[in-house]
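By written order: A, B, C, D, E and F. Residues from 1 in each chain.
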Amino acid sequence: MRIKVINPNTNRILTDRIGATARAVAAPDTEIVATVPEAGPSAIESHYDLALAAVGLLQEVRDGERQGIDGYVLACFGDPGLHAAREIASGPIVGMAEAAIHAASYLATKFSIVTTLDRMRIVAERLVVSSGMERHCRGIHVIDMSISALTDSRSNVKGPLIDACRKALHEDRSGAIVLGSGGMAGLGPGLSRELGCPVIDGIAVAVKLVEGLVSLGLSTSRVFDLAPPEPKAYSGILAPFSSE
Amino acid sequence: MRIKVINPNTNRILTDRIGATARAVAAPDTEIVATVPEAGPSAIESHYDLALAAVGLLQEVRDGERQGIDGYVLACFGDPGLHAAREIASGPIVGMAEAAIHAASYLATKFSIVTTLDRMRIVAERLVVSSGMERHCRGIHVIDMSISALTDSRSNVKGPLIDACRKALHEDRSGAIVLGSGGMAGLGPGLSRELGCPVIDGIAVAVKLVEGLVSLGLSTSRVFDLAPPEPKAYSGILAPFSSE
Amino acid sequence: MRIKVINPNTNRILTDRIGATARAVAAPDTEIVATVPEAGPSAIESHYDLALAAVGLLQEVRDGERQGIDGYVLACFGDPGLHAAREIASGPIVGMAEAAIHAASYLATKFSIVTTLDRMRIVAERLVVSSGMERHCRGIHVIDMSISALTDSRSNVKGPLIDACRKALHEDRSGAIVLGSGGMAGLGPGLSRELGCPVIDGIAVAVKLVEGLVSLGLSTSRVFDLAPPEPKAYSGILAPFSSE
Amino acid sequence: MRIKVINPNTNRILTDRIGATARAVAAPDTEIVATVPEAGPSAIESHYDLALAAVGLLQEVRDGERQGIDGYVLACFGDPGLHAAREIASGPIVGMAEAAIHAASYLATKFSIVTTLDRMRIVAERLVVSSGMERHCRGIHVIDMSISALTDSRSNVKGPLIDACRKALHEDRSGAIVLGSGGMAGLGPGLSRELGCPVIDGIAVAVKLVEGLVSLGLSTSRVFDLAPPEPKAYSGILAPFSSE
Amino acid sequence: MRIKVINPNTNRILTDRIGATARAVAAPDTEIVATVPEAGPSAIESHYDLALAAVGLLQEVRDGERQGIDGYVLACFGDPGLHAAREIASGPIVGMAEAAIHAASYLATKFSIVTTLDRMRIVAERLVVSSGMERHCRGIHVIDMSISALTDSRSNVKGPLIDACRKALHEDRSGAIVLGSGGMAGLGPGLSRELGCPVIDGIAVAVKLVEGLVSLGLSTSRVFDLAPPEPKAYSGILAPFSSE
Amino acid sequence: MRIKVINPNTNRILTDRIGATARAVAAPDTEIVATVPEAGPSAIESHYDLALAAVGLLQEVRDGERQGIDGYVLACFGDPGLHAAREIASGPIVGMAEAAIHAASYLATKFSIVTTLDRMRIVAERLVVSSGMERHCRGIHVIDMSISALTDSRSNVKGPLIDACRKALHEDRSGAIVLGSGGMAGLGPGLSRELGCPVIDGIAVAVKLVEGLVSLGLSTSRVFDLAPPEPKAYSGILAPFSSE
């Protein structure tokens, strides 16, 4: 099966890392497609970035439909445009945030999220609420590093990350950590070993979830609520989004 | 003061109607600016439309900042891109949905929403939740008319609308109606008289709210959560959204 | 239009201050009526005070109906008797707490309340819940000063208030402050400048809201839930509250 | 022990009925004191009535403190002034609504409330929320009879009441009924037999609860939140409520 | 009347203490039956213990039905098997947790729970949620002592308990304490005197509640939801639980 | 990898069906172990059955730990003993209810549950709450068939099931169906085709989830909350549950 893992920002190093993480966990017969969208912000670190990132996501899903994609992973913890993407994708699409948050609830009664920047806390909170896990998530912590710092090979990422995880486990009395950024792709297993508790990378979990849904023949409902949008004209720079 | 009322779809008839509604209720010294965004869907009737409509909204706010706008009204019941717009606008911005829903809570202990299409119910529900009014909103009803039908001069809008409002009041035992679409701009007072209860047009209420906030010198907080986004490159068709 | 701003305690200095605050923000053609109720506590600082303060509020609204009042502001953060007042007032009535709390949600994703005494925290909490803003309000802080201290010209109010606001912003990582007492009327703009973030005085916001509702022809619903009470006899000291 | 059962309206027939109900269930060594307050509405059937009824309740509690009362039952389903009364009573005070609602949760996983008038639904809803039992209460039904009809010996109360209970059990698939009015005092056991399920009269349950709390030496906390109000002057018709 | 107080673990010292506590508060004509179940864990200190403790509880209720028991108290703060027990008991059954938590809400607007071990916090949290009192319970604190330490006559229980209560009152600004373990039976009154606030022992409160319900003729509903289970075969060590 | 799928009742036909369903969806290198517990009810159709079924579940997990099991699926929609099992299993364990409910939230904004008997509705409700999906689940419907009827080869199961699903989709305006009983194992794909919307069998989804978690090296946290229980003596028929 072909699964497209969409990083809705335009950071190529990050996309490569996300692709590698997805490939490392995918089943032998799963092909992972990880591309950089043509349009989008270089990083997603504000509501402004999130709102605009939906454009690249939708481009990639539209392309995916022509590429014979069976399912999608949205590899951004903020889940920009997730419902919109569900309306136009024929296969299932799972966000890394919902995947990680629900998985955490199977592994611990309480968990904490560690994300990048202070201003992204509110986004993580929104996802905890929309995933229904307000009682399970006991805290949201930040390492105070931007995506560009996270993907800079000269950065010391692991130190601040382990410190933030330790602080989270101790202060929140949590049993597990959810990594709250696509920029932390691939860091789960190492952190798990170091901390002695589950550290959940939503990209890895979402790949397994989408593989599972596709293999079960389950995809987004076309009844009532997420049916494909009615054909309609789009203007200006959005003209390419008009229905053919 | 100058208030920009942004209809994030590209329907010109609707924009004119929204502008007229806003002007009819604005204070004598308020100038209402109502324009059609360059980019966007011809109507907002799906999550896909909502996600993409944020682009036109943000264009209009960016333009507004150069036009000396004092405050903004987001004239779409789905509130697309509202948080993003708050990050880049120097004046306050209020969504028609939150304005209408909170106003309803001052006028009745229970209210109902009447919106356009069945698939927009879920959007109205999300706004009720984000406005904190789940206990007050007792039902969401639809007239099953698209925006293009609503703005077609040959349509009989009033009949289905009154029927839906009557059904809502009766079934939900509600005391007030919230009009759940920018496409119903200007219909509040007439329906109020017909039904003998408050019928709330969020555009009108939002204009008064923004006038009030501006006159009090209150605008979006720049402390912590809604501070302006860090400068950053945007690619492709979104390049114009890069910081100068 | 005539708006009556009701301070339901009998502190004359406070009523004058509230009246001045209301007048300072009212539109040129709005007449503000601010009177001291005949019956009531000298300050509202307990549930006992709150319960009894409803009597003076209802007296003032009954009088207001004979005085041609178009709309009312309830200038006590505890909102005593608000629903009762809605049943008997022909114009809209907005409480300073709901007005401030909703306004805060338009200006910041998270806010804190600063109120007077420790025992009033629970009242502020109740209002946050009834306004639907539990997720937005991140903390309630006190300055530990009674209403009589707040209105004593020899008191240093500003120092403790700024300290409490700074503590609230820092500890709660909030973007805005809601002033949680009628006794803080008029202090919003100065604190805003000092703190560099929105500081919201509910009396000012409520005046603008009531002006807006009246100008839109919106008032309390008479359908179902807040219809005028059936005529009925009241005994003892409450005999004046019988229907004529 | 002496328990005062306070009906905060001035209907003497109702007070007698409430007193008789309380006496019928009280322990042999419990003395029930049931009096009519000097001030108050002849029935409680609106928010206006509820707000003013707190005055008579507080009068009765003040008197009770001089009469050596050990505990109080608030015999009105709307719980007017309950927190205020807790601040000034030395013994415990339990409202009939919270008592009945919590008892129902021990006897069934789902229950329904049957109350008097349509406009009192919203009051019953508020009590369900404040008692924390929103998931247990599956419906609120009315018999559409005023308190004066309920206490008129010529009225047929039982017929409409049984019909409403049957409808509630059937539609809500509930396992128990909570009687939602002091005016239904004493009707629980007969209805229980007729319907074959628990029918809970909050006055009876509250008497047993208060007997229990008093016998265990438990009363309202004086630490932090419900401490006695600070002494303070009250004006006008409320002057008698000043602290001595 | 005969009330069976069931300690679902097999600690005899604890059962004796629970029985003594129940007898000390029971009415003169109430007979308290307190026995040790044949099957069960020596203490309940994990979800594993809780799940298995339901077996002994159900044995005791089945026996109770042959012993002419009128009502039951479940003397374990974790409420294991409470709904199951309700299905098979003819009289009412109240858990010590729900009894204590609701009683606390009548005595204070905010309370804290003090329990035994860190890992039992999550169980106390679950009970606060199922009792509907999330807004009232402001904290859960532990003394870090096992049940076997609590019932060891050489242990100093009172010291850590008073320290934990003081910490809870101070940090949570709570007005009352709920004792969160059957192992603290009988310690309420002494702690109340020491701390100057209500300290609630759920076993004592539940005994009074069950006495009240039985005296009012109220028992578990047999309509719809908690009707007796259909007869059915049980295998293996559970064969004794088959219907006769 | 070896996954044990535990049907905690003793119905052999059902266990075989569950095993077959699991095998049909498992990856080629996954071995499915599906056994009948020695102790337990012949079907799970009450709280009484649920409480006792935890015994067989825990037996099977204890055995599984000696059998080199890598992960577990709890194949009963009531999730009996799930937290207890997590404390003693070294591999992850997922309940069919949480798996199905979360999967439904990825495929539709609203879903309905179809389960067996009226008295199991309340159990399904509890699981919706504990899974955090109260806003997504719009209704719970029953086919009014016992487990023994469901596994009787002479029964017409499909007819009532399709009728109930159609009713659910229509009345609740839902986009997907969750099958609310282990007794419906294997019926998902056929119903999906018939109804034209996703019909989710929690056993199939849980198998894929557990495969995913095991392949990612993720298992229940041993930090804080779900650590293995302290060794302890168990008495009577539960003696085999003592720690060795």
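Annotations for the structure displayed:
The working rule: a residue touches a chain if its C-beta (ideal position, glycine included) is under 8 Å from a C-beta of that chain, and two chains touch if they have at least 3 such contacts.
Owing to the predicted nature of the structure, the values given are computational and were not obtained by experimental measurement.
Homomeric contact chain B/chain C: same residue numbering on both sides for over half of the interface positions.
Averaged Cα coordinates give chain B a centre that lies 44 Å from the centre of chain D.
The geometric centre of chain D is 27 Å away from that of chain E, both derived from CA atoms.
Rounded to whole angstrom units, the spacing between the C-alpha centres of chain C and chain F is 52.
The multi-chain contact residues of chain A, meaning those touching 2 or more other chains, are 83, 109-110, 118, 122, 135, 173, 224-226.
Because contacts link the chains in a way that matches no line, ring, star or complete pattern, their graph is best described as other.
Checking each pair of chains for touch leaves A-B, A-C, A-E, A-F, B-C, B-D, B-F, C-D, C-E, D-E, D-F, E-F. Per the touch definition, chain F reaches chain A in the complex via residues 25, 27, 83, 92-94, 98, 102-103, 105-110, 131-136, 169, 173-176, 188-189, 192, 195-198, 200, 204-205, 208-209, 211-213, 215-226.
If you check the complex, the residues on chain B that touch chain A are 10, 37-43, 45-52, 54-56, 58, 80-81, 83-84, 86-88, 118-119, 122, 146, 224-227, 229-230, 232-238, 240-241.
By the touch criterion given at the top, residues 109-110, 135, 173 of chain D touch chain F in their complex. Those residues of chain F that touch chain D in the complex are listed here as 118, 121-122, 125, 129.
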